[in-house]
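Each of the next two complexes has chain A plus one more chain, namely chain B in the first and chain C in the second.
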Partner chain A sequence: MWKLLQIELYKIFKRPRTYISFAAITALIGVIQLGLKMDGQAYVDFLMNSLKDNFEFDGQILNAYLVCYIILQLLLIHVPLLIALIAADMISGEANMGTLRLLLTKPVSKTQFILAKFLASSIYTFILLVWIAVFALAFSIYLFGTDDLIIQKTSYVVQIAENDVFWRYIGAFGFAFLSMLTVTALGFFLSLFAENSIGPIVTSMSIIIFFTILSTMTIPLFQKIQPYLFTTHMVNWKEFFDEKVDSQNVVIPGSIQNPQKIIDSALILVLHIVGLVSASIFIFKRKDVLS
Partner chain B sequence: MQDIIKVSALSKQFRNITAVDNLSFTVKQGDVYGFLGQNGAGKSTTIRMLLTLITPTHGTIELFGLDLRSHRIEILKQVGAIIEKPDMYKYLSAYENLKLFAKLSGVKCTDKMLMHQLEMVGLAGREKDKVKTFSQGMKQRLGIAISLIHDPKLIILDEPTNGLDPQGIADIRNLILHLSREMGKTVFVSSHLLNEIEQIATRVLIIDKGKKIVEGTAEELFDPSQTIVELDTLNNKQCMELLQQSQWQQCLQPQRSHTLLLKMHRDQLPALHKWVVEQDVGVISLQPRHTLEDFFLQVTSGKQYVEAFTD
Partner chain C sequence: MMKHFLIILVAAVGFQTSAFSQDMTELINKVSAKLNQVNDYTAEGSLKTDVSFIKAPSGKVKVYFKKPNKFKLKKDGGISILPKGGVSINMNSMVMTSGYVALAAGESTVDGVKTKIVKLLPTDENSEIVLSTLYIDEANLLVRKAVTTTKENGTYEMGMTYSKYSNYGLPDKVVFSFNTKDYKLPKGITLEFDEGEKSSDLDKLKNKKGRVEITYNSYIINKGVDDSIFK
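On to the complex of A and B.
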């Protein structure tokens, strides 16, 4: 298994296509950071406009934590495409190149083959998220410095103390990894049914867009199915940035307002991942390789 | 001799299409087994079933005396294969591809071993080049290096001379003979270049529409005493009458087309030739049909000669 995983990782990181995602992420984050560095105050003023009548702000609102939050909100919608580029190509790409039949004539268990491929694409997803974390958080800390994180929610404002933010980002990135792993599993599953990667990539993105629309529309019919859609739960990394208040309406440092929501969402995402990977193994073992 | 491949009542159904129909055959140790059939005859499907890429609808496959379904990994350790065209990772070099597949085959290869393997297939000096820069022939050679890297006992080659130039074809032929005669490997080879099979195969199986048509050694299939002769003249009707009244009467075969058919020993051909010319019937052609290619075409298309060969 370890040998298969090494081979799969070797193949992933030898392909030029793999680095498109890293280059795209670097460019996107760089542009956002540059924009905020050059003209970020105007953006913050616009965001805080409605609050300025009632609150007085001091300190550095536009700091690394806010920049990272903005970047995550923007990026985590687009990262699935970059993940699908690799995950949806894992089997279909091999079929397209004709290497699938050569690989399967080697003394390798089909179950281990699928697991190694999924693990390799999961590691790629993890590295991509670490890359995002490094650029969006670490590089922003270098550029903007740190201070309290102020986030405007729909009906209230959250202010998280500077020393209470970092661990939330670790949690948020951990949860985002689970979300992206679901996308990986979906792309991987779809790659079983095609002989080129374009079909599974487009299908993965179409499913994500379609489910995202269903997840966000407040129509009673859709609301019934929303708890079962993985896209509903993918955005719950934001729950790490909501604090609990006590009976005096005072914030409890180091708390999360609704940790159960995070656990439930994580469990549903894990169920999706396990279901999709199990289905991939089941189908692949019975699949005729005709490519 | 040990049975290396034993296929029994093998069938594969794709929806309404029967790709392989109740096929049975046995390949003995040391055989170079030629597997012939037209495009779509079911050769590749059979080979894919031998390599567990396709699951049979019915029937059993035993390799090295073991059931393929329950001993897949154990069996594949002893098999090297090229299926149709050899496709590798285009973004990797020849050396990297070979190393990767050696690792997958469970072989720990030193650089020297890998280089020796590349040298054997004539790719020394190109080991660092990406496969995307390779010609079809070079890919084929690399495919062979990959299929042999783990020193398999059985080598399965599906159309191994596809895309090769005449020199490449000769090289592959020599390599197959070397593997069989010098190294004692069993080779199962399909090809549409029938004269290639004729030159190397110790046994031949011909299939058509998924069914076995005929199987035997080259000698059995091309018995000189069973040579079919096709005779065409300006007046075939008159020629037939003359033949029926001559010593050649017993050689006459049922007429299935406008030409006349006779079955005889190949050594009798000069005498027949002389006799026909003496009859002054305007000989257009007198052709012996004894090559594998003729035989193959006859049994897989018109089938008009099958009865003659199996009388």
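On to the complex of A and C.
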């Protein structure tokens, strides 16, 4: 199994396509950081416009924690597309090249084969997220420094103390990994049904885009189905950045407003992952591999 | 006969009003003289912000004051969110020393202490403060409560509690109350699309006035404060 995983990882990281994601993310984060470094105050003024009429802010609002939050908000909607590029190619790519049948002549079970491939694409997803974390958070800390994190929600504002932020990012990245792993599992599952990569990649992207639009529209009919869409739960990493308040409306340090929501969403995502991987194993075991 | 009576009545009322007004000016001058003992101070304390739509942690603050009217509040690490103009209205700027008319407006009890109500009207039309109502503890020459209406920043209420530093007229606790406007941002800007914001914690805090509470732990009085702090 370990050998199989090594081979799959070698194949993933040997392909130039793999590095498109890393290059795209680096460029995107770099552009956002550059823009905010050059003209960030204007952006913050725009964001704080509704508050600045009544309140005075003293401190560094534009700091690494806010920059990272802005980047994650923008990026975590699009990263699934980059993940689908690799995950949806895992089986269909082999079928396309005609190597799938050859691979299965080796003394490994189909289950082991599928698990090794899924594990390899999961490691790719993990490394991609670590890459985002390093650039969006660590590099931003170097560029902007740190201070309290002020997040504007639709009907209220949350201020998180500087020393209470970092662990929330660890939690948020952990949750984002589950979200991205769901996308990996979906792309991987779809790659079983095609003999070229384009089909499953485009299908994965289409499902994600379609579900994301349904998740974000506040139409009563759509709101009824939203809890059943995995894309609705994927954005709940933001729950790490909301705090509980006491009876005097003072934040309770280290608290999360709705931890149950995080747990529920994480469980739903895990169920999706387990379901999709189990279905992949089930289907692949019964599949007559001819390519 | 009737004419004479009216003249006497008007004169008597006029004299009384003038006498009252004079009394209040004297009281204000006494309070002001007490506050004038302090040339500068550095104070340490804690800050609590209670605004229905802001979830903010409490934190330590340092407050700097220098005569005649320099005032700065700095949070010890972190970002401070304060009502615009409100906190900078400190005791010295509230109790005007010149260019005002002081009118007596009766008596009241604040936190169990009997106070005289004094309305201060600035004579300068360009003054930021439109009207100040001071609740003065005459026996101790302390301002227990102040309601200030400003041109730009609405009406503020300040409640003061005194203890260790009452000899200097400096409060141990100041509570600012102010009216807040509704806060709402479009979902397109916040990228928050779910309905998860209807929490009971927020509901119970709605329709409250905004409050900022500063509790001072210590003052360093008349030891000098560098001007660069106020920049």
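The definition used in the following text is that the second predicted complex is superposed on the first by the 291 of 291 C-alpha atoms of A that agree within 3 Å, B and C clash if a C-alpha of one lies under 4 Å from a C-alpha of the other, contacts with A are read in each partner's own complex, and residues count from 1 in each chain.
Convention: a contact is a pair of C-beta atoms (placed from the backbone, for glycine too) under 8 Å apart; a residue touches a chain by one contact, two chains touch by 3 or more.
Everything numeric in this text was worked out from a predicted model, so none of it was measured.
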Joint occupancy of chain A by chain B and chain C, clash or fit
fit
Chain B versus chain C as contact partner of A:L103, first or second or both or neither
first
Per-residue touch tally on chain A - higher for chain B or for chain C:
C
Note, angle between chain B and chain C viewed from the Cα centre of chain A, nearest 10 degrees, works out at 180
With both complexes overlaid on chain A, does A:F55 touch chain B (first), chain C (second), both or neither?
second
Per the contact definition in the header, classify A:Q41: touching chain B only (first), chain C only (second), both, or neither.
neither
Would you sort A:D148 into first (chain B), second (chain C), both or neither based on which partner it touches?
second
Of the partners chain B and chain C, which touch A:S255 in the superposed model: first, second, both, neither?
neither
First (chain B), second (chain C), both or neither: which does A:K11 touch?
first
Touch check for A:S206: first (chain B), second (chain C), both, or neither?
neither
Shortest span in Å between Cα atoms of chain B and of chain C, once chain A is used as the common reference
41
Report, in rising order, the residues of chain A that make contact with chain B in one complex and with chain C in the other.
none
For a test of understanding, state which residues of chain B touch chain A in their complex under the given definition.
48, 51-55, 72-74, 76-77, 79, 81, 83-92, 96, 100-101, 103-106, 143, 146
Mind pulling up the chain C residues that touch chain A in the complex?
48-59, 73-75, 77-85, 87, 153, 180-181, 183-187, 189-197, 199, 201-202, 205, 208
Chain C partner contacts - residues on chain A that touch it in the complex:
47, 50-51, 53-61, 73, 147-148, 150, 152-162, 164, 215-216, 218, 223, 226, 232, 235-236, 238-239, 242-245, 248-251, 253, 257-258, 261
Chain A contacts chain B in the complex at 3-4, 7, 10-11, 14-16, 97-99, 101-109, 286, 288-290
